[in-house]
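Should a chain be cited, it is by its letter among A, B, C and D, assigned in written order, with residues numbered from 1 in that chain.
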Amino acid sequence: MTIRIVVWGENVHERRNPAVADIYPEGMHAQIARLLVSDSDLSVTTATLQEPENGLSAPRLAQTDVLVWWGHVAHEEVEDGTVERIAVRVWEGMGLIVLHSGHFSKIFKRLMGTPCSLQWREAGERERIWVVNRGHPIAEGLPPHFVLENEEMYGEPFAVPEPLETIFISWFQGGEVFRSGVTYRRGGGNIFYFRPGHETYPTYHDPIVGQVLRNAARWAHSSTPPLKDVLEGPNVPIEKALEPISDRGPKVHAPGERGYR
Amino acid sequence: MTIRIVVWGENVHERRNPAVADIYPEGMHAQIARLLVSDSDLSVTTATLQEPENGLSAPRLAQTDVLVWWGHVAHEEVEDGTVERIAVRVWEGMGLIVLHSGHFSKIFKRLMGTPCSLQWREAGERERIWVVNRGHPIAEGLPPHFVLENEEMYGEPFAVPEPLETIFISWFQGGEVFRSGVTYRRGGGNIFYFRPGHETYPTYHDPIVGQVLRNAARWAHSSTPPLKDVLEGPNVPIEKALEPISDRGPKVHAPGERGYR
Amino acid sequence: MTIRIVVWGENVHERRNPAVADIYPEGMHAQIARLLVSDSDLSVTTATLQEPENGLSAPRLAQTDVLVWWGHVAHEEVEDGTVERIAVRVWEGMGLIVLHSGHFSKIFKRLMGTPCSLQWREAGERERIWVVNRGHPIAEGLPPHFVLENEEMYGEPFAVPEPLETIFISWFQGGEVFRSGVTYRRGGGNIFYFRPGHETYPTYHDPIVGQVLRNAARWAHSSTPPLKDVLEGPNVPIEKALEPISDRGPKVHAPGERGYR
Amino acid sequence: MTIRIVVWGENVHERRNPAVADIYPEGMHAQIARLLVSDSDLSVTTATLQEPENGLSAPRLAQTDVLVWWGHVAHEEVEDGTVERIAVRVWEGMGLIVLHSGHFSKIFKRLMGTPCSLQWREAGERERIWVVNRGHPIAEGLPPHFVLENEEMYGEPFAVPEPLETIFISWFQGGEVFRSGVTYRRGGGNIFYFRPGHETYPTYHDPIVGQVLRNAARWAHSSTPPLKDVLEGPNVPIEKALEPISDRGPKVHAPGERGYR
């Protein structure tokens, strides 16, 4: 079974900022995709903001098992229609991995229902990531902790819902902590937020980060067919009730009516 | 300490449908408010869709500790600005109790980040509500189970996030089940969804339902001051780091910059 | 990759009660094992109460990826040493599937830390099991609901911790409901409790029940190596701290001491 | 309404170790009790290991709303009967606050069902505690973070179940992180684990720690009457079923039988 992954990149910093371009000459999305490729089960392509429909047309999303999202400076430029198409696909069962500054992306805020705010500092300081849930598939093969010598600091409080499970917690040199790896399920879709990945540092060249992303893609993938009816609110007619019941009391709905939304 | 509750009613069915008007002659919101009033700690007012700003102006919301929401046929008529004002107040710490058909309200879907879909049948059938979490404050003083002889059926799957805690599960005469009382926290705000309350039945005249609503209002209330900064994503300058750090590596942000959103 | 499953059966009712022996002539464990066998990835053997060390010696558990547990009348006869060996293996990462009356087994109560009590009735009544979490791997390939025409009733409240996720909820003909499929993680081990399976009914001949068990075994399996150190509480000497620190303040521990337990 | 709190202290270190006795001349339990006392709603007494029945007889526990637990060197000396009495009272609805080295206490491990292991270092290093769930009642009135200049380090992984909610995360000077404030519900009882409080440092003289403990006691208190039947597994006779059912199929239980445990 092959898992079809699309790495979406905003693709702005790497074209404007030489420091970023030096680290990611082909674009961050290209390097993230390279980290994800393995010899067997992961099939990886990329998409960018600048493409028609932000590179994520309905047919393409229908062929996507796991979407990986990196965005920062251009969150507002992502079309609202794109955001809704992604949300529906997540509810149907597509996995979603949101990276770093994607915490403020439209799609992450849409699916969390919270502000997703945090505090931050761009100082190239040391981040040490601790595995707090060693038995989770996303932690498979990882050391007890690993260090990114230069990273942006993200500090608590992180305004997200209580996670389904917390996988990683970061220690920062400047004194902060952060829940750096957290999971959610929304509808049929598995969601993983992974904190590291500031554009001015070589985070996506780190092999342990690569292991995290490959683990996360496999975990996020669902082998259940898409839940195509997840938006519906079907009426069950009285005569089709599973147990025999009679019709009692007044009504606001006409027979066969769709209901109010 | 007095808890300031606003019961919001859509106020449409009861003016159009005689069956509803018979049961709720002063409006459903008025009867729900009556259920909530107790002799001491709950101060209850009402608001309706038809009022300016849907009855929920920013100053009014600022004076509201817990908002109770009943809507059905006119979800789409609620202004988007109203929905966002409510969402921000919930993140700041206002409690929110969503009733019955409010599962498809804009505000509930906004805060859940999921479709909130379910199956339904308007047959006036028997609903038996089981308390599955007896120690929870919302269950205080309730019997092990209680019956609403005539209710609309809502059946699983209910497309909501895994609840923080599940308090009630309903048995329906026609063969379905439903998680009828579920809790969430979003930002500083406590959210409780309570299933019963179809407009053509006298559910909000039931004393046990009243007990549930009063318990829920007390549980949802937060005595923490509003988290006014929950939308912010503050920068922590290097020179104000809690532990001394030096500035390392390239940057995309200028000193004092607000960051990207 | 082959998942090594051991089906543990109490093996008492089927030797004493002709009604049970008629349905499960080779023992319940043998029939449960048959349900689990598939042509590829599941390798299934059985163990019973009557064997030395209850059939679950340390070497055998070390070779077990997922343990399936059915017990009822002889919970107290399971040796305490067996229970502790299983608990440690679960914490290390072995999956555990607890069936039906196993809710009162020593091992389930040990891992839950709660009484695991419920109400019950042996009337051969209809049970309808609803899938409430359709995207979960345990629900893969299942219909929206399925019926066991004759089952024992288990009713809420079920005194277990709030589940990690709730997968199934049952409707009973006599008016009760029950959270029939719930998941937990304890240490590195995934735990699934599945309600159906009273010994006087042919539940373990049902193909949908078989699908649930096979899904659950695959979900419960962890490909992470056993967390052999999960019982340890290691001291980190000051000179080996990840960040340089100095020794400050008084002590109760001597250098190199193991700590108190 | 007065909340009746018992602070249980092991009362060993402070009688043996002069450094501890200097900081806590009347015993740690006495100082913790002092922190909890407020002018209105908290009534606080103490109990110690050395008293008959470890100071926690059944009648005394029956009069206790919230139990606060500090132990370290003498976990094994706590009688098993004491542990079971406490567990039952928690399931009935008594709150439990477990402090610091109590992570390895019999009662905490009993209620968690996990090893509760962690890594540690006694270096008097700096601990900075971040509030990650600002709207939770336990965080009421606290600053965004606070520092204990000298504390023992506890580091992840902390082998506990995924918390109901995570309230605090600690940053340690030596490079570790820890989930320092986590909540659970077990049966009707609320449980809060709070990390700080090594015996050789003046942690329980810190006013913010006092605020945490008072908040936690109020949060842990349940106003629901004790769930006296939480250990029972009652049979519901067929003739008393809530919906009329007939008796079908073979049986293993005789009428009126208690069931197997």
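The definition used in the following text is that contacts are C-beta pairs under 8 Å (C-beta built on N, C-alpha and C of every residue); 3 or more make two chains touch, one makes a residue touch a chain.
Everything numeric in this text was worked out from a predicted model, so none of it was measured.
More C-beta pairs in contact connect the chains of C-D than those of the other pair, out of A-D and C-D. Farthest chain from chain A (centres taken as the mean of C-alpha atoms): D. The distance from the centre of chain C to the centre of chain D, with each centre set as the mean of the Cα atoms, comes to 27 Å.
Chain centres here are Cα averages; for chain B and chain D they lie 31 Å apart. Centre-to-centre spacing of chain A and chain D amounts to 36 Å, using the average Cα coordinate of each chain. Shown for chain C are the residues that touch two or more other chains, namely 128, 133-134, 155, 162, 164-165, 175-176, 185, 187, 242. Note for the complex: chain B touches chain A at residues 13, 17, 19-20, 72-76, 87, 91, 101, 104, 110-115, 117-125, 150, 153, 155, 159, 161-162, 164, 173-176, 184-187, 199-201, 230-238, 241-243, 245-253, 259-261. Interface residues of chain A facing chain D in the complex, by the touch rule stated above, are 128, 130-134, 144, 155-158, 162, 164-166, 169-172, 175-177, 179. Note for the complex: chain A touches chain C at residues 93, 128, 133-137, 139-141, 145, 164-165, 185, 187-190, 222-224, 227, 242.
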